[in-house]
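The structures considered in this document are given below.
Next, two complexes with chain A in common: one pairs it with chain B, the other with chain C.
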Partner chain A sequence: MSSLGGGQPGEGGLPAAAPEPVDAPDRVKVGVDEWVAEAEGRRAARSGLTGALVRVWERLPAPARLAILIGPFAIFPFITNEGNLYRYGLITIIYALLALGLNVVVGFAGLLDLGYVAFFGVGAYLYGIMASGHSGHHLQAEIAIPIVVISTALFGLLLGLTSWRLLGDYLAIVTLFFLQAFVIFVNNANGGLNDFSYPFVGKVDLTGGSNGLDQIDPLNFFGYHITTTKGYYFFTLISITLLMTMLYFVNGSRTGRAWRALREDPLAAEVMSVPVNRLKLLAFMFGAATAGFSGTIYGAVQSGAFPGDYDVGLLITIYAIVILGGLGSIGGVVIGALVVNGAPELLRSSSNARFLFYGVLLLALFIAMRPWYKPVVVLLGTIAFGFAVHGIASAVWSRGTAGHIEGGGQLGRALEHWVLLPRNTSSIAGWAYFALIVAALVLTLLRGWWRALALIPTLYLASFVWENKLVEQVSGATRLILLGGLLVVIMNVRPSGIFGTSRVEIA
Partner chain B sequence: MAALLELRDVSKAFGGLQVIDHLNLHVDEGEIVSVIGPNGAGKTTVFNLITGIYHVDSGEIVFEGDKVSGLPPHAITNRGIARTFQTLRLFLNMTVLENVMAAEYGQTKATALEAMLQLPRARREEKRIRKVAEEKLAFFGQRLAGYRHDQPAYSLSYANRRRLEIARAMATNARLLLLDEPAAGMNPHETHEITELIGKLRDDTDYSILVIEHDMHVVEGISDRVIALDHGVKIAEGLFDEVATHPLVIEAYLGVRAEAEAV
Partner chain C sequence: MNWSLFFGELVSGLTLGSIYALIALGYTMVYGILKLLNFAHGDVYMVGAFVGFFVLKWLGGPLAPAVTGWLAVAIMFTVAMLACGALGVGIERFAYRPLRNAPRIAPLISALGVSIFLQNSALLLWGPQFRDYDTFDLVGVKSYHIGTNFFISNVQILTISVSIGLTILLALVISRTRTGKAMRATSFDRDAAEMMGISIDRVISFTFFLGSALAAAGGIMFGLVFGQIFSLMGFTAGLKGFTAAVVGGIGSIPGAVLGGFLIGLTEAFATGYLPGGSVYANLYVFALLIVMFLIRPTGLLGSPVIQKV
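The block that comes next holds the complex of A and B.
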């Protein structure tokens, strides 16, 4: 902020401005270029901690940024057990690898491809056909992987041809149809009665139909079998590091610039010597090959390929990763995958979920309320209010405090003396849930200190509902509600993704 | 002087509407030609036909002796014709320098694979086009200099966006620039500046220029030759004074006098 003070007229700068001639060329005027250009700087300077972090991050050289992103992943296997490494580590980086490819198609080239995860499936199934007990072939990975990558790239080329004539929504519809066609195909291509008879070979059980293609071989490089989770983890981690590096270089090259130009304005790009159609195909092929490669790893890790794994659900997950990380940001994809895959897994345990629940409440309270002493008052008020209610209830309504905290833990035991826990909760918690929604609506009507006052019982009600109703279904619906809440908070703080840069859409 | 660009008997219709009707037009080397005409006369359509965005119905477009009509737009650009747009079409979310470098795609050959592995050709080309882009931007003096290179194009003012579009067109290594209303939306001071700039483009850097312009002061100031269009037909051609006083041109802009109509 202080760096701007000098040149700004009207900002305590009257004496400085007065002796200058009327049209001094180097004076910053409102509405003029320099002023417009610095607007972003002024905004960033205001946003405090996030702004400072962003600036430090942007000043780091690229290898340092890569090391910061990948480093924790490299340490992770040594501080955790097999199950956690699989759930938090391996699946996260496979998703990140998959999302990197989508980031090229959607983030760089701006092509809305909804058939993307079909290539992930094609990769898994193709590898399964070439190397599994199901098919009877056992090709080595150093031969199978190049075949998979080249074939999925060719599939990408075919699908990409539709993008020559179709844009935006229309392209989305056609590619989504392609994904559905793929799912139906793998569900039916089991050599059964109704199956297609192929030229030369006749009826073949290609995919195992709805039962899936099982017994896929582990990856086998020159006789070395990858059998452990750790092995797959490091294989994927090395792949993703290499891919991120290569994408970084491509992004700064003529190809990357042409992709981004085509995203911004295809017609202008074409007239500025960029062969737009060829670059669209290249983006599709690049994405498809990446998806095929990650599909191979996924198939080998699961030792099977099942039609349900490659459906719209996965598509939404991968899109969420790319958008959350920031469209077009290479590093953002990794963070996006960590949040989208890691958070729901973490929330399966009720004590983790409890920490997140109260954490998000507190964070939201302190972010949304100004000045600083207001949320403090509300917080202390809520705590006091809870003990008061609990005290009165234990004297007059013994059933109200007879229950126990679900899951326990230190926070849980402390809460038992604060929140009401009736013995038979099903109907009372239902009513409380309803009351909470009404209370939240009422809150939006109040202003100033009235709102702060009304917040105190509402917060208490929220924790009552949480402890008596939501926490019981923590591995089901609650997890998704919480994840939704978390995503809303993140997208509010960083509207263009965690690592995204703000974009303008003016014609 | 040999004609650099020649339109031979070019026609274009959208459905039943004849937008360009048997148009003949040429631009000689080192010449600045202005196209004027009322709204809907087909001026921008001429540009779209030359750059390959539209295809001609009949006739042909010849550049440096070769037929270019029928080629895709990027191929025409690589032959040496570049344009700007009446409604600015910058790559807004890319930096100023990237906007210019993106237009140098046609002059580079390194594949995506070479870029991924940072092979020598990719790095050499990258260094070269960066230098070219900086040179093109330097042509505009302080306006697009220095720290502005790394700022997103959307942070530029309107006038600077117009300048950046010209810089981008120059970077394609064109010999002929098609400028579509370069002074549109500019204040008198900026209009004057753009007039000088167009003159400087021809004198310092031997581009030939075909320009569409509504501002008659600009047209008067820069044109070697003026062509007036109305309803897709060339109604007058010649020096500014000849065209500006030509009865058909006055009629196209102002309509016919009532008594003349009555005759």
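The block that comes next holds the complex of A and C.
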């Protein structure tokens, strides 16, 4: 994955922070009001099709933008079946909802909260404790949801209190530790032998321990039970639409502007008498409440809460969504969720995964390389290289071509004549994986035609590793490897996220 | 009072603490120079443990090593420290260096990405199962006792003394050598150091090399003491290593060691004495971190930071 963007470290690696020297140096200087005022103009001056699209998008009124983002989601349930609606629709929206809350904490207020998904878990477990066959209580949702939202907000307040004393990185580790503490707690709080004995009540089975809390009730509003996927889907869709509208107004309000000031420079904001501490707490509480709310929905949808669901894997997924969508961008979150959740779901079947893998490679190749004939040369070169390697191997090393491709399919069968498939792959593929990482890193150091030339064997190596190793665990480790690599690549190539607008840095 | 329990927890706390101290040193050095929280550090520690394991396997396995047990251990330490040092330099070069002038949040997220990448690569290549170091067969664990209640094994003595030895070595490198002086200058004021002719990139690479090598040593010690390693061991250890660095005062070398032992002892005594300790020991460590932040955010030996715009 890290070979895709390639990275342009030579260009400073940070287009957002580097002022473009477009104007005459004697007229405009970075940080002067004039320069800041012209930031919009420079952004509008983006050329080509993307530039035109961005301009059209930015000229649209806010309700129209919301309709364009949400509209397809509203139509989706009518053109698909139950399973796809759950996997691609419902989970995507729940993730988007969750990411919206994180966007307030990280994107608006600039607080790196790595314990965020703990609140998601707190929401699911709290709802489970109040309404499930496991605990024996069956509270109505219209009572339970406000309780969950208020208590997660209070948890957020408590965790947020640490942000008064801590600078950015310290906060990150405290919150990450908080997540870890939460996971340990829910894994063990089953009233077992080693559990706490609480004052007044003694040992209680709160969370079901590592087996999870099962039989959570469906959401039940005034006696009306939401039981179908479609019902949950529309409930979540309406919630997210309301939340996005609300965030749109908050973003433009006094509080939103103060949050941005806090993000850009906490100390300067404080000096300008922005109530920094109160704003931090507010952001934390808002994020936590959103997470708690989406956790409730998730718990009800799954009719259970399981400790493994609320761990670092989910944290990375949500962070990838927010960062892909652009920190601080409200609409970007939805697109980010679509990409980050949709793509791995496609990865679940290995023949789909194959199309996605080669498709993304091709796309990245043609986007990242200019002029147009360069990627064509690389592509043809890689194909020829593969057939040559395969031909030589079948002559001298018969074991190397004896294996069969996983999943099959038309593309798969064609690939069997191109990519090496050793029969016993484990150790060879392990070394190849290692070699691929090194090759991808070396690639970022090369320039011009050298890079194109080196790309040919690297691409072949990538498909070798994919077919022999990565495809084995597409929904597990591979997914997280790709997400982790994606975070590093995006941070290095375009820190503002794919759909985020680059910030105006005042030097 | 049950002295046997007390001394047992004391020794295991010191052993754990010496491992945490080694991890904390890497955090504290990198933070001192780059002001960067290197999330991937815990995973470097895990990789170190695995490199040690594969070296052991390459030497013929713990049951029939090609060389005597202690020599095998020495080779494991050397290879793993060198390999992880190189890994650390690579991580810095590709994931952090391009972001050196970016907003603070960018390298943090990049570090998170590296951490997840390493952890899941290990999961992909080496699987989730435990790997045995088999210390009993490798070096023949012996237990010494003083009086009737105080027991300590030779592996525990090795761990504690190697950890202290490496720390002293590190302190000497930083205080006595030219490179160490360059590191201190860089930590004090990066721009000024660069103007005085210090190659910042080399100093930072060297810092990452040292820190990662120490983490690798910690990983092997974990394998020797507990006999088993696994691909997800880096995350929690990294958290505790960072906690140790913070509790001791980030940026301070003696602070990191002090913090490491404090965290190790807290964990051990919480396991032995506090309610629910056997499963919730980490929660007590977390509580210690929070208390520390509320009382003295700069840590035990840290100096207060003056914020500048």
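Just so we're on the same page, the second predicted complex is superposed on the first by the 308 of 507 C-alpha atoms of A that agree within 3 Å, B and C clash if a C-alpha of one lies under 4 Å from a C-alpha of the other, contacts with A are read in each partner's own complex, and residues count from 1 in each chain.
FYI, a residue touches a chain if its C-beta (ideal position, glycine included) is under 8 Å from a C-beta of that chain, and two chains touch if they have at least 3 such contacts.
Note that the structure is a prediction, hence the values are computed from the model and not measured.
K.L.:
Of chain B and chain C, which one touches more residues of chain A?
P.N.:
C
K.L.:
Once the shared chain is lined up, is A:Val106 touching chain B (first), chain C (second), both, or neither of them?
P.N.:
After superposing on A, A:Val106 lies in contact with chain C but is clear of chain B.
K.L.:
For A:Arg260, select first, second, both or neither according to whether it touches chain B, chain C, the two together, or no partner.
P.N.:
first
K.L.:
Tell me which partner A:Leu441 touches in the superposition: chain B (first), chain C (second), both or neither.
P.N.:
Only chain C is touched by A:Leu441; chain B is not.
K.L.:
In the superposed arrangement, does A:Gly476 touch chain B (first), chain C (second), both or neither?
P.N.:
Once the two structures are laid over each other on A, A:Gly476 reaches chain C alone.
K.L.:
State whether A:Pro275 touches chain B only (first), chain C only (second), both chains, or neither.
P.N.:
first
K.L.:
In the overlaid three-chain picture, which partner chain does A:Phe286 touch, first (chain B) or second (chain C), both, or neither?
P.N.:
Once the two structures are laid over each other on A, A:Phe286 reaches chain B alone.
K.L.:
Does the superposition put A:Val250 against chain B (first), chain C (second), both, or neither?
P.N.:
In the superposition, A:Val250 contacts chain B only.
K.L.:
Taking the superposition as given, does A:Ala64 touch the first partner, chain B, the second, chain C, both, or neither?
P.N.:
So A:Ala64 meets neither chain B nor chain C here.
K.L.:
Taking the contacts chain A makes with chain B in one complex and with chain C in the other, which residues are shared?
P.N.:
The overlap between the chain B and chain C interfaces on chain A comprises residues 265, 267-268, 271.
K.L.:
What residues on chain A touch chain B, complex-wise?
P.N.:
32-33, 36-37, 39-40, 246-247, 249-250, 252-258, 260-261, 264-265, 267-276, 282, 286, 501, 503-504, 506-507
K.L.:
Once bound in the complex, which stretches of chain C touch chain A?
P.N.:
31, 35-37, 90, 93-95, 97-99, 101-110, 112-121, 123-125, 235-236, 239, 242-243, 246, 275-276, 278-280, 282-283, 286, 289-290, 293-294, 297, 305, 307, 309
K.L.:
Which residues, counting only chain B, touch chain A once they are in their complex?
P.N.:
51, 53, 72-74, 77-78, 82-83, 85, 87, 89-94, 98, 101-108, 110-112, 115-118, 122, 125-126, 129, 148, 151-152, 154-157, 160, 168-169, 172
K.L.:
Looking at the complex, which residues from chain A come into contact with chain C?
P.N.:
2, 7, 9, 12-14, 16-17, 106, 110, 112, 114, 162, 165-170, 172-174, 176-178, 180-181, 184-185, 187-188, 194-197, 265, 267-268, 271, 312, 316, 319, 323, 327, 430, 433, 437, 441, 444, 469-470, 472-473, 476-478, 480-481, 483-488, 491-492, 495
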